[in-house]
Every structure is written in structure tokens, then in C-alpha cells.
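Both of the next two complexes hold chain A, though its partner changes from chain B to chain C.
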Partner chain A sequence: MIDSLYIAWKYIIYNKIKTVTLVACVTLISFLPVSLQLLLEESERQLMSRAVSTPLVVGAKGSALDLVMNTLYFDDEVPELITVAASNRVMETDLALPIPVYARFQARGNPIVGTTLDYFDFRDLRIAQGRQLAVLGDCVLGAKVAASLGLKPGDSLVSSPETLFDLAGVYPLKMKVVGVLEKSHTSDDLAVFVDLKTAWVIQGLGHGHEDVTKLRDPTLVLKRTERNVAATAKLYHHTEITEKNIDSFHFHGGLAQYPITAVIALPHDDKSGTILRGRYLSRQETRQIVRPEDVIDGLLQNIFRIKNVLDAVISVVALATILAIILVFALSLRLRQREIQTIFKLGCRRATIARLLTAEIFIIVVMSGVFCGALIFLVNQFSHDLVRMLFIR
Partner chain B sequence: MYVIRRYQGHTVLIALLFITISIACVFLKPGEGCSSERLNIYVVNYPLKYFAERIAGEHAGVVFPAPPDVDPAYWMPDAKTISDYQRADLILLNGANYAKWVNKVTLPRSRMVNTSSAFKDRYIEAAEILTHSHGAAGEHAHEALAFTTWIDFSLAAEQAKAIAKALSRKKPALKDTFQRNYEELARELLKLDRDIKEVVLKDQSRPVVVSHPVYDYFARGYGLNIRSVHWEPDEIPTTEQMVELHSLLKDHPAQWMIWEGKPVEEAFDRLQAVGIQSVVFDPCGNAADQGDFMSVMRQNVENLKEAFH
Partner chain C sequence: MIHIQQLQFQYPTGEFRLSIDEFSITKGSKVAVIGPSGSGKTTLLNLIAGIMTPLKGTVSVGDTQVSGLDDRERRDFRITNIGFVFQDFELLDYLNVLDNVLHPFRITGALSLDGEARARATNLAQEMGIGDKLKRNSNDLSHGEKQRVAICRALLPQPKIILADEATGNLDPDNKGLILDLLFQSVEDHGATLLAVTHDYELLRRFDRVVDFKQSQEGMN
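Take a look at the complex of A and B:
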């Protein structure tokens, strides 16, 4: 047997191109369904674990999937905005603790999540370096953001403008990095956390500037009446919040009318959750309350339906590949007729020739198996990151 | 020898009991049990501290960290104090935009209680505010609400009720105690309310000047006819301020000015020279030098009797 394997091996390494093609075909055809299954299982695990741990989400009526994906995974697709009044409404019911979330802006490609301190308790996020958010302008980084941007407490991070062409829009805010979170292996690792009010400053709803009632430069005053002072566009707005200028930061109007993307509602018990959901059933209701678990479950059902189609496609491709491989071997046998005749004339039995061919196939299958195993091992090792990169974010 | 062994056995038992209780206290969530565990409450002004202490009694440690010489409405805590607030079991806010710093820091919303939310529809828009406008935001003012809510004692009683409710939620086992303490406090606050009404009833429409625009709720609650200036009790009024006062007196012929604190002698004399007497009604936003909230308010009522005799 060893002799057959030796001769087969010599033949294989002599016909490199044919061997590489065959190994690649067999490897791919066995790797694809297994890796797809692995990635789907991982994405299901990731999606469901976060969805299950988030009891209810309140947001504007519209796509429940956009709402949940933005609230749980800080997806780029921003749902229609609601106001803080929606959060106050949940609070006033005394049925659940509301955690407002405003995931709309970005800083160097990472989502900025405006929320309250309760979010950190809810997700059990702990500070690994530095301290928790304390004042306007502070930000706390997810572990991966800190690692990828090379930031640590004491550094600063500038928010990105919503559009490149918004030249007359809001100035980016230079935020102070005050802490880095411990790795949680969730979307929180990829986010920049700020207080809700800081997110409103990024949006320009809150801002700091010189006291316009005390302006001396006439070019800064457009119109002054007994009741109002109108400033010109020349009025300088602070782009960084410091101890010196924090007193000048202010918000226009009532905070209850300020925007957020969603409210995570944590009911005190199951009964409270059911009652709360019932409060959003009216036709006139402009907001929706969803159970992320149901929404993600629906999404996964669709994914698995797609997976079935993919499985069918892969099966057909696999069949075609196997047929192609058989054809390759059949043709190669034809091409090797003279070689086989020679072996036969040398005194080898037909069984020996069959053994030689079997050994060749065996070596190709083993090589493919090794490559396939290595690739599956890699996918398995990095499935978490691959899922985040390919499917979730 | 036997006696020593018996005592050793008791010591071991007591030690085990102590360890068990300690472990139970560590693992139980605050408010779930171990009712002997004191709540850590942080407040934003002195009246709330007084109310919380009266209602919670020995079951809470109430902290009001602002230094005694600052106005808590405009004070800004340092990073360490903010961190202390963040760790509190309960943060009592006055509401009505009192304590501007609250909007500039990060606090746990689940532990914040706006004690005036029950009457937020009765907040008073502060008068005499210069608005400003820039950009697309339109006209706006930085201070739109009057916030000295507690000197309308009926509102103070409502704030106390909110505190009692918040405490009961944190420590359901002590609900009856909190309710009893609240009722006692509310009785005293409502007595003050009745006393002031009785005092001012004699001449409710009498024009009065107040030294600072902090008496809006007081004036509305007791139907007073007030106009406000911006004078500090520890500063001598300038000529400009006197001119402004004269102008105000033309259509508001007041004979009394209500001060937040005892005015300096010169201010007292200058006012007396134009026929205005001074009376102190201390809103007590920060801790009083002497006495407590209730004694200061009782003294305020006594002071008012002089003006409305």
C-alpha cells in the first residue's frame, strides 16, 4: 500500500496544476456549507442573545427591524426619530424603567451612542480604564474602538459631520475620552458612548457661546431690541467643552422635545411588560413597542429560508463538481492509457492499477480535508468578528 | 475547662451568625431586604435635604454637598462630587430647571426623582428675561422657569410627598414609617401655608418689592402683589439701582422690600430714606447659619407679620 501511495504521490506532485485544481474544488465544495452553517449559527447566537436580553424597545412607527437593529447593534440605518417625551411616558406609567438611546452620529466610523448611565448597569458594562461619564463632552469607548483607534483616557475624539457637504452645518464636537469599557463581545465594544445631552450638543441642539446679551463687537449683533438680541452667524460656538466654557453651554427649549432614536423599556415584571405593550395598541398611536426577540426571530426565519435556497444551490454545485471531478479522472485515465499499459506490461495486476488510482484520489481528498479543516478552524476562531463584519455591522 | 469550651462554642456560633448576616446583606440588592441598611441620598438643595431627613429619619443618610456660601441653583459640583451623586441610591431634584448643573452632567436617570413633577403644569415662566437668537434655532432664553418652588408651602408639601413615595419604592418595608413621617412634615408645612395666608390676608394687594426674582411661587401662592429688582443683601445699592427702584415705585408704590437675607445697614438706610422698610424672607436654598428649614420659615412668617400688620 505504501508503494502505491508513494507512486501516487509522485504522480500528483508531477501534475501540479491538475492536483491544485482538484484539491481546490473538493476543499471549496466541502468548506462552503460547513462555514455557512457556522456563521449562521454564530449570527443567530449573537443576534438572539442581545435580543433576548432586551425586553422591549419603543420607537417611531415604521420598520421594526431598523428600530431594533439600530437600538441593539447601532446599525447605520437610523429609524425615524422620537422625542424624550416617549421615554418620560414610559417612566410615568411606573411599569418599566426607560433607557433612552440616541444612536445617530459617528466618530471616525464608529457609532456614537447617546444614552444614560442606566444603560451601563443594564448591559453590565464595566470601566476597564479611566472613569465613567461625568460631564458634558465626556465619552467612554468600547474596547474595540479604543484598540482600533489607539485611544486611551485623556485623549480626544472628534465627531464626524453627518454629510461631507454640510459646510454650513454643525461644527464637529471634540469629545474628551474619559474611560474605556471592558470587552463585552457585543456591539458595545464597537461604540462610543456619550451622555444624551452630549449627543444633542453634537447635533447642535445644545451649544456654548459668548453671552449674547453682553456682546461688545457690533459685527456680532444683527438686531438688538428691548426683549431680544439677535446674533450674527459670526458668533463663535465652542467646539470643545472645557471646565472654562461649560457654563456657557445651554439647550434651547424643553428637553422633553429633544430627539432620540429609541427607548429600551425594562418592565418591572412580566405583567408590567404586557400592560405596557397594551398601551401602544391604539390606531392613533404614533409609536410602536416591539419585543426585539420577536423581530430578530423573524429576521432569522428569513435568513434560514435564504439558507435553504443556498443549501440547494450548493448541493447542485457540489453534484456538478463531483461529476466534473469524475470526468477529470476519466479523461486522465484515457490520457494515461499508455502509462497504464506500460505498468500492466511490467507485470502489475489490474488491482494494483486500481490501487494506484485509489491512492491518488485518497491523497487529493486528504489534502482537501486538511485545507478544509484549517479553513473551518479559522472561520470558527473568527466567526464572532466575521459575523459582525458581514452580517451585523 | 468546660466553661471555657462552652464560651468558645458560643463565640463560634455568634461569629457564624454575624458572617451569615453580612453575606446576606452583601448579596441582597439594596431595598430588597436588610432594612437596617441606610439609603444614601443626594439632594440639590437644602429644603430637599431637610424634607428627606424628616421623612427617612434614621433609615437614610442625606447628603447636600454644596458649600454653605454658594447658591445651589448656580453651583457646579466637581468631578468627585458628581461621582458621589452617581453612586447615590436616590438623587432628589427640585425640578423647574433648578440646579443648572444637572443638565451638564451624567446622572443615573433611574435613581433621579424630580420632586416637583406632580405640579410641572404649574411651573411659572420667569418674567423679565432677555431672549437671544442665532442660527436656525430662533429666539430663546437660557432661564425660562422660576424655580424657588418650596416657598409656596402647599407645593413644598407636594415635594415632600414625592420624596416619601420615592423612599417607599426604595424600601417598601418601611413604607408606613415614611408615610407617617411625611404626614407629620406635611402638617407642619401646611400650617406654615395657613399662617402666611392669614398674615397676608389683611392686605393682600399691598405692593411689595422683592430684592431678587425668586419669590414667584410665593407671590402666586399667597396672592401677593410683588415686583422684583436685582439687589444683593450684602451689597450697597448703586445709584443706578436706586434710579431703577424710583422708576419702579412710580407705578408700584411699595412700602416694603422683601430680602433673601439681612441687608447691609447702608442698604437699609437708603431704602428707609425713600420710605421703604426692609423685611427678610429667607428662601433657605442653602443651609441656614442657625436653626433648620422649619425654624427659618417660622421666623420668615414672623417677619412678614411686621410688613402686613
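Take a look at the complex of A and C:
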């Protein structure tokens, strides 16, 4: 058998293109279903672990999936907004602790998550460097954001405008990086956390400017009465919150009407959770309350249904590939008739030809197995990041 | 050494028929077979080698009646007793010179590929003047060099019979003489019997005996 393997090996390395093509085909057709399974298992693990740890989410009626994906994984798809009143309503029921979340804006491609300090306790997020949010304009970075942007406490980070085409839109806010979180291997690693009020400043709902009562330039004043001064658009708004200008920042109107994307509700117990859910069952209700676990489970059911289709497709492709490989070997046998005749004439038995072919197939399968194993090892090593990159964020 | 008696052979298509009443070659002789194309020279070599089997009659090599062996026995007999030099060398492109020479040892359990066989292959290649080309791919050799490799491959198992089918057919005059010298020398060194099909009438005088297949229809000469 060693001699057959030797001759087969010589043939294989001599016919490099044929070998590479065959090995690539067998490797890919073996690697695809296994890697897909690995990635789906990892995505299921990641999605479910975060969903299970988040008891209830309150948001605007509409797509429960968008609401959960945005609240848990800070997905780009922003659900319809609700107001802080929704959070206050949960608090007033005394059934759960509300944690408002406003995940709408971005800074250099990373989601800015406006929330309260309760969120950090709830997710058990600890500060690795610097300090926690304390002042308007502060931001705390997830571990991966800090690493990828090369930022540390003391640096600054500018929010990205929602759209480049809205010239009258919100000016970017230069935020002060005050802390970096420990790695949590969740979506929190990829987020920029700010206080809710800072998020509203980014939106332009809160702003800082010169004291309009002291304006002397008439082009800055649109209308002045005894009780009110209306400034023109020429009035300069601060784009950075500093110790000097922080006192000039203010919010117009009642904060209860300020926007958020969702409220994470942490019921005191199962009974409280069930009662709270019951409060949102009315048809007139404009908000919905969902169990992320149910929503993600539904999503996974769909993914696995798609996977079943993919498995069927891969099976058909695998069958076609195997048939093609058989055809390649059959054609190769015809092309090698002269060589086979020579070997016969020299005195080898028919079984030897079968042994040589088996040795070739064995080597190709082993090579494909090694490559497939290496690729699966890599996918396994990086499955966590791949899932975040491909399926979550 | 080789004895053929009352031989009748016909291809299944019935296009070709060969009849030999009696034909013998003594041990150690060098015999040339000539004749027009299609007269049955190559068929004769194939019958002696056991690649083909006769319809009737017997083909014996030494004490073995080749025509009476089954397929497996004929293959084992061939690889250990017959050295075949093919007209078109029939070397394997993907093997180097040494691997081509050792190929018969690798494809059968009847021959044992040990250190002695390897040493013999190297010595034989040296004798044939291709000792410095053992690692070269057979595709990179000249016609003359390829034929030497083919002769080395045929001689390495130290066969009793060497069958050469137009072994010098593709070579220039200088190489023809050289290859024949090497073949004769090796045959003499190893005490083998040579049966060579050739169209080269200039070389015939060097053989002990010439069998003319055209005349053989009237009685082998």
C-alpha cells in the first residue's frame, strides 16, 4: 500500500491543477455545512443568552424583532420612538425597575447607547479604565470600540450626523471619553454609552449657547419681549460640553416627553412580570411589551427553517460535486488508458490499478480533510466574532 | 528457452490471424523479428509475454507453459521473467527516472523493492549513461535517454527474456547503435534471451538469428 500511496502522491503533485480543484471541491463541500452549523449554534448561543438575561422590553407597537434587536444588540434598524413617559409608567406600577434605552445615534460606526447607570448594574458591566458616566457629555466605551478606535480615557469622540444631506440637522457633539468597560463578549463591547441627556444633546433636544438675555448683536435676536428672547439661527450652539459652557446647556419642555427607543423592564418577580405584561394587552395600547426570549426564539426558528433549506441545497450541491468528482476520475481513467495499459503489460494485476486509484482518492480526501479541519478550527476560534460580524453586529 | 507449437491466434474481431506451427529460441540467443506492419510481430511478443493468449497451441518459456497459466499467474510470470521494452518507451510522465526504473517493483508484490534493487537500479542507470539523471523528470529527457530508461526498467528485475518492440524505432542512427550496444551488453551480462522486433535492416547482422515474418508464412526462417 505504501508503494501505491507513493505513486499516487507523485501523480497528484504532478497534476497540480486537477488536484487543487478536487481538493478545493471536497474541502468546500465538507466545510460549508459544518461551518454553517457551527455559526448557527454560536449565533443561537449568543442571541439566546442575551435574550434570556433580558426579562421584558417595552417599546412602540410594531416589529417586536426590530425592538428587541435594537434594544439588545443595538441594531441599526431603529424602532418607532417612545417617550420617557413609558419608563415612568413602568416605574409607577411598582412591578419592575425600568431602564430606558435610546439607541439611535452612532459615533464612527459604533452605536451610541443613551441609558442610565442602572443599565451597567443590570448587565454587570465593570469599568476597566477611567470612571463611570458622571457629567453631561461624558461617554464610556465598550472594550472593542476602545480597541478598534484606539481611544482611552481623556480622549474625545465625535458623534456622527444621522444624515449627510440634512444641512439644517444636528451638529456632531464632541464627547469626552471618561471610561472603558471590561470585555463582556456581548454587544456592549461594541457600543458607546452615554447618559440619556447626552443622547438628547446629540439629537439637538438639549443644547448650550450664549445667554440670549445678554446678546448685544442685533442680528442674533429675532424677537425680544419682557419675558422671552427669540434668537436667530445665527446664534452659535456649543458642539462640545466643557466645564466652562456646561451651565449653558438646557432642555426645553418636560423630560417625560423626550424620546427613547425602549425600556428594559426588570420585574421584581415572575408574578410582577406577568401582571406587567397584562397591563399592555389592551387594544388601545400604543406600546407593546415583549419577552426577548420569545422573540429571539421565533427568529431562531425561522433561521433554522432557512438552514434546513440550505442543508437541502448543500446536499444537492454535494451530490453534484461527488458526481463531478466521479466523472473527473472516470475521464482521468480514459485519459490514462495508455499508462494503465503499460502497467498491465509490465505485469501488474487489475487490483493494482484499483489500489492506485483508491490511494489517489484517499490522499485527496485526507488533504481535503486537513484543510477542512483547519478551516473549521479557524471558524471555531473566531465563531464568536464572526457571528457578531455576520448575524448580530 | 522459448518454444511455440501449433499456435493459432485470432483477434475477437477476426481481422487478424496468426498461425505458427513450430518456433523455438535457444537460451541466451539474440533474435531479431522482421516483417511488414501487421504481419504479427508484436502479437508474437505479446503471446510470449502472456499479454495475449492463443486460441490453440502452446507457448512455453523455459519449463513454464505460459499459455496454460491463468490471468493472475501470467501477470506474475511476466513481471518476474519478462522485460518488455516498448516502442514508445511508455514511461510515466509524473515519475522521475529512478521511479520509472523502479516502477515494476512498486506495482507488484512479486518483486521486492529492497536496498539491493535500488542499488542495482542506480548501477544499471550508470551503465546506461543516465546515472546523473535519476532525479530528472522523464519528460525532460531526450528520445535516446528515454529509451535507456525503458531498457533499465526492463532489465532491472533481471528477466530471463527481454522482448523489445521496435526499441530503436524512434531514434537517430547514432542512438540506434548505442541503444543496441547497451541492450546487447546488458543481455550478455545478465545471461538473458533477447527477442527484438525491428524494421532496421542495417542492425540485423548484429543478431544471432533473424526471423522474417513475411517468409514465415511459408515456413519460419
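Basically, the second predicted complex is superposed on the first by the 393 of 393 C-alpha atoms of A that agree within 3 Å, B and C clash if a C-alpha of one lies under 4 Å from a C-alpha of the other, contacts with A are read in each partner's own complex, and residues count from 1 in each chain.
Basically, a residue touches a chain if its C-beta (ideal position, glycine included) is under 8 Å from a C-beta of that chain, and two chains touch if they have at least 3 such contacts.
Everything numeric in this text was worked out from a predicted model, so none of it was measured.
**Q** If you count the residues of chain A that each partner touches, which comes out higher, chain B or chain C?
**A** Tallying touched residues of chain A, the top partner is B.
**Q** Does chain B (first) or chain C (second) touch A:127, or do both, or does neither?
**A** neither
**Q** Could you look at A:375 and tell me whether it touches chain B, chain C, both or neither (first, second, both, neither)?
**A** Touch partners of A:375: none, neither chain B nor chain C.
**Q** With the two complexes superposed on chain A, say which partner A:342 touches: chain B (first), chain C (second), both, or neither.
**A** It touches chain C, and chain B stays clear.
**Q** Does chain B (first) or chain C (second) touch A:135, or do both, or does neither?
**A** A:135: touches chain B, not chain C.
**Q** Should A:367 be classified as contacting the first partner (chain B), the second (chain C), both, or neither?
**A** neither
**Q** In the overlaid three-chain picture, which partner chain does A:3 touch, first (chain B) or second (chain C), both, or neither?
**A** Touch status of A:3: second partner only.
**Q** Based on the superposed arrangement, let me know which partner A:300 touches: chain B (first), chain C (second), both, or neither?
**A** neither
**Q** Can you tell me which positions in chain C touch chain A when the two form their complex?
**A** 49, 51, 72, 75-80, 82, 84, 86, 90, 92-95, 99, 103-108, 110, 113, 153
**Q** What does chain B use to touch chain A in their complex?
**A** Per the touch definition, chain B meets chain A at residues 76, 79, 82-83, 86, 103-110, 130-135, 137-140, 142.
**Q** Over in the complex, which chain A residues touch chain B? Could you list them?
**A** 91, 97-99, 116-118, 121, 131-136, 138, 195, 197, 204-205, 209, 212-213, 227-233, 235, 246-247, 249-253, 255
**Q** Name, in rising order, each residue of chain A that touches chain C in their complex.
**A** The contact residues of chain A facing chain C are 3-4, 6-7, 10-11, 13-15, 338-339, 342-349, 352, 356.
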